[in-house]
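Two complexes come next, and they have one chain in common, subunit A, joined by subunit B in the first and subunit C in the second.
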Partner chain A sequence: MGEAGYVFMPQVIWLHLPQLAQGLLRTLGASALGIVAAALIGLVFGAARAYRVPVASQVAAAYVALFRGTPILVQIFFLYDALPELGIRLDVAEVAVLALALWGGSYNTENFRAAFGAVPGGALQAAAALGMPAHLRFAWIALPIAFRLVLPALGNTSISVLKDSAYLSVIAFAELTYVATNIVATEFRVFEMFAVLAVTYLGMVLLLSWGLSRITAHLAARGTVGDA
Partner chain B sequence: MTMPTWVQPVATQMLHGLGATAEVAAVSIAASVVLGLALGMLATLGDKMLRLVIGAYIELWRGLPVIVTLFFIFFALPAIELTLPPIVAAEMAIVLWGSANLAVLVRGAIESIPRGQFEAAAAIGFSWPKRMVHIILPQALRRLLPPALGIVVILIQLTTISSLIGVHDFLGVARLSIERLTLTTGDTHAVPILGTVLIVYFAISNTLNALSRWLERRLQVQ
Partner chain C sequence: MRSRASEQIPASLRPLVEVRGVKKRFGSNEVLKGIDMTIAGGEVVVIVGPSGSGKSTLLRCLNRLEGIDGGEILFEGRSVSDYREHDLRQRIGMVFQQFNLFPHLSALDNLTIAPRKIHRTARAVCEARAHELLARVGLAAKAGSYPSQLSGGQQQRVAIARALMMEPRVMLFDEATSALDPELIGEVLAVMRQLADDGMTMAVVTHEMQFAREVGNRVVFMDGGQIVEQGRPDAVLLNPVEPRTRQFLKRISQ
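Entry: the complex of A and B
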């Protein structure tokens, strides 16, 4: 990368390591909260969709159409710039987690809907025939099977949430991308900072997908995942 | 009911912004499709090295947040004395992501076609390009089209990143208008303006998503 006289100076990275580490922590924190909240939203709304729960199912469908149908960048700006006009004031960290949770939740609603829909009907009918009440059938039969079925898609959406946390830099949430681009803007160390960003994001994505495939393989070894 | 006076000029500007968005979207979609098809087909050639290189391209541009790719193109190229108009930088970032994702779909769709189809076509003397164009791609397209349309929807949504580097696209103009109104009138009007941006993207995305679902039913592979 020495073209046109650019000299790569790795010491710049060490110099800014404390700031970058702080940014990474914010990325991880917001992503972790966003991923967990998105999974819960997806579970509740996905079940409502799959079992056609009146009202909740329609609300969930509208929610999915809205958040999957609009750019996350516009969603972030709306939450940050427009909500205060409606009398809702959130600080930047709250907007950050909320934006990730709502976006990821809309994808997870579809993921869980498909998973609940793929739970074999025979298992549920057998449980019903044995006199198991509906809420127990859901908790003990549908949920464990659906959870295994949803894992790959849930994992992909979670990885997307992690990557999308980079968008939060646009509202000055000081996560990794924000910190790194600020250093680029003030000190012109473009290649050093983007090396950090590339290695960190790719590392996190690969680590997550590796962990995910391990979990999926582990569950598959115990049966039922993938081919129900 | 009469419109407040700020509405008309803002609407006119946003219409122009929508034009810029359409331009970024058209270029990004066209280039992503061409590049994605080429990479996806080349990856199935059986050349190990080629497969590896394309695999790395796919992992890299799918693994990076698009906004990081965008900032890299926008900031890094000037550092090596290469300047691009912002609109081209935005299109490049979107195309890297789009072509990588489409290449995955194309590769998967081609590999889902039974090997016998390749062999039979080769046996009756079809060259590789002819095998691809006449035998494999028409079948692969049935599997490919619905998910590819899903990628197109995301590409259209991704055009909004161009506003971050100063392109006056739909979102960019909307945000400028909000800023200007805040300065001149003291009111922000973010709800109606950003709300309009949401509604337009909502309409485009959900129309195309509905088309994708319809195609999926129509083209279902037995």
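Entry: the complex of A and C
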């Protein structure tokens, strides 16, 4: 763009739309699976931490320290390069989902730990006094309350997982960022591609935030948890 | 670990709850120093005393929310430690100072969640009974309200109805009106009074002396982890024998 000024050519986007759409689908797929898996990891390990389940709690603490204490980029390279050395052969899409799940799961473990810790003790005690055994107290009292409490933090982590899926381009997982930056590299259509990236990521993030706030509002209308 | 004495007495004449030499310690702090007490079926026992005297701890030992370090507690003639924990608790209802409603559930669901999940009783059956009980505590119109939408007095009445859903043999009230604004205390006491009139066996920890006198069959005065004095409400509250009881009653009437 140094020469005579850059001419923005939207038709480049149309021309590459099939590739870009495929990249977007991969971004959406890996992010969705990563977000769901990260939430499940967070739920299980967060509960183990909050209720100090022997062994599981220590394993969870070490896992959180490792994955929150190292860059996600390093984690992606590690999973991509090291797992085959250990005899675990995964295709690049599987590594992609695994990396997002493990990274998001470490944050969600802390999110869920805090949420379970904030469940009012009086409600759990009342459930015990009614004769509800521990597994029913967990399933019907602790879990639904913790879910309401965890939603804002879970939403933030999920949005990070979605955005950080862009890092997966470094292992040639052909998600949106990979596809777009390749087009930049081969055809020098910088602004068209970055416009696509900006608009698409922003759109996905806004959509996710909106969905989460709808769930939060729906649950808040059915009994706030904070003050009761 | 049934006691021989209790096996010889016909069940109908046996006290519902027998507390024998119960001791309880929190660390080095002995909060119950050998409590002996009985609660007969249909009786309303009111437990009074200064804070820290062990009243609440005693109640919480009855349904095993706290374990005991000595002595024994019999419920319907059987040691409470012989019951499966949740079986025991289904027979002993408890109402807490802070209401402790489930904040994520409507009043109706607060009542039905335990029977629905424990006994897998059909929702319709539970809800019919829950509506009945809500009506009984004067909250028929509040079935769909969430705890945060209810006043303290309403929350506590829901909590009482919730405990009654399990059809307990005895109800424990742990300072049920202490967290309430003064103008809301009356509505909760009225429900408790109605319950007593209906013949419910009750153990009530409270600072409401008028309630103790009018509703209690017996008043137990505790201080320092011991029962100092007990007897008919008028006797204990109007003509106490023990200096410590007199001192306490004088202090709270000021």
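Observations, loosely collected:
To be clear about the criterion, the second predicted complex is superposed on the first by the 220 of 228 C-alpha atoms of A that agree within 3 Å, B and C clash if a C-alpha of one lies under 4 Å from a C-alpha of the other, contacts with A are read in each partner's own complex, and residues count from 1 in each chain.
Please note the rule applied: a contact is a pair of C-beta atoms (placed from the backbone, for glycine too) under 8 Å apart; a residue touches a chain by one contact, two chains touch by 3 or more.
Worth saying up front: this structure is predicted, and the values here are computed from it rather than measured.
Look at A:Ala172: by the touch rule set out above, it reaches neither subunit B nor subunit C.
Judged by the touch definition given at the top, the superposed model places A:Asp164 against subunit B, while subunit C stays out of reach. Within the superposed three-chain arrangement, the count of touched residues of subunit A is higher for B, of the candidates subunit B and subunit C. Touch criterion not met for A:Leu25: it reaches neither subunit B nor subunit C. Applying the stated contact rule after C-alpha superposition, one finds that A:Ile141 touches subunit C and leaves subunit B untouched. Of the two partner chains, subunit B is the only one that A:Ala82 touches; subunit C does not reach it. Subunit A residues in contact with subunit B (one complex) as well as with subunit C (other complex) do not exist. Listed in rising order, the residues of subunit A touching subunit C in the complex are 120, 122-123, 125-133, 136, 139-141, 144-145, 148, 219, 222-225, 227-228.
Across the interface of their complex, subunit A is touched by residues 59-60, 63-65, 67-68, 71-72, 75-76, 79-81, 157-158, 160-161, 163-164, 171, 175, 178, 188-191, 194-195, 197-198, 201-202, 205-206, 209 of subunit B. Every residue of subunit A that touches subunit B in the complex is listed here, in rising order: 1, 3-4, 6, 65-66, 68-75, 77-78, 81-82, 85-86, 163-167, 169-170, 177, 181, 184, 188, 190-191, 194, 197-198, 201-202, 205-206. The touching residues of subunit C, counted against subunit A in their complex, run 63, 65, 85-90, 92-94, 96, 98-106, 113-114, 117-118, 146-149, 155, 159, 162-163, 165-166.
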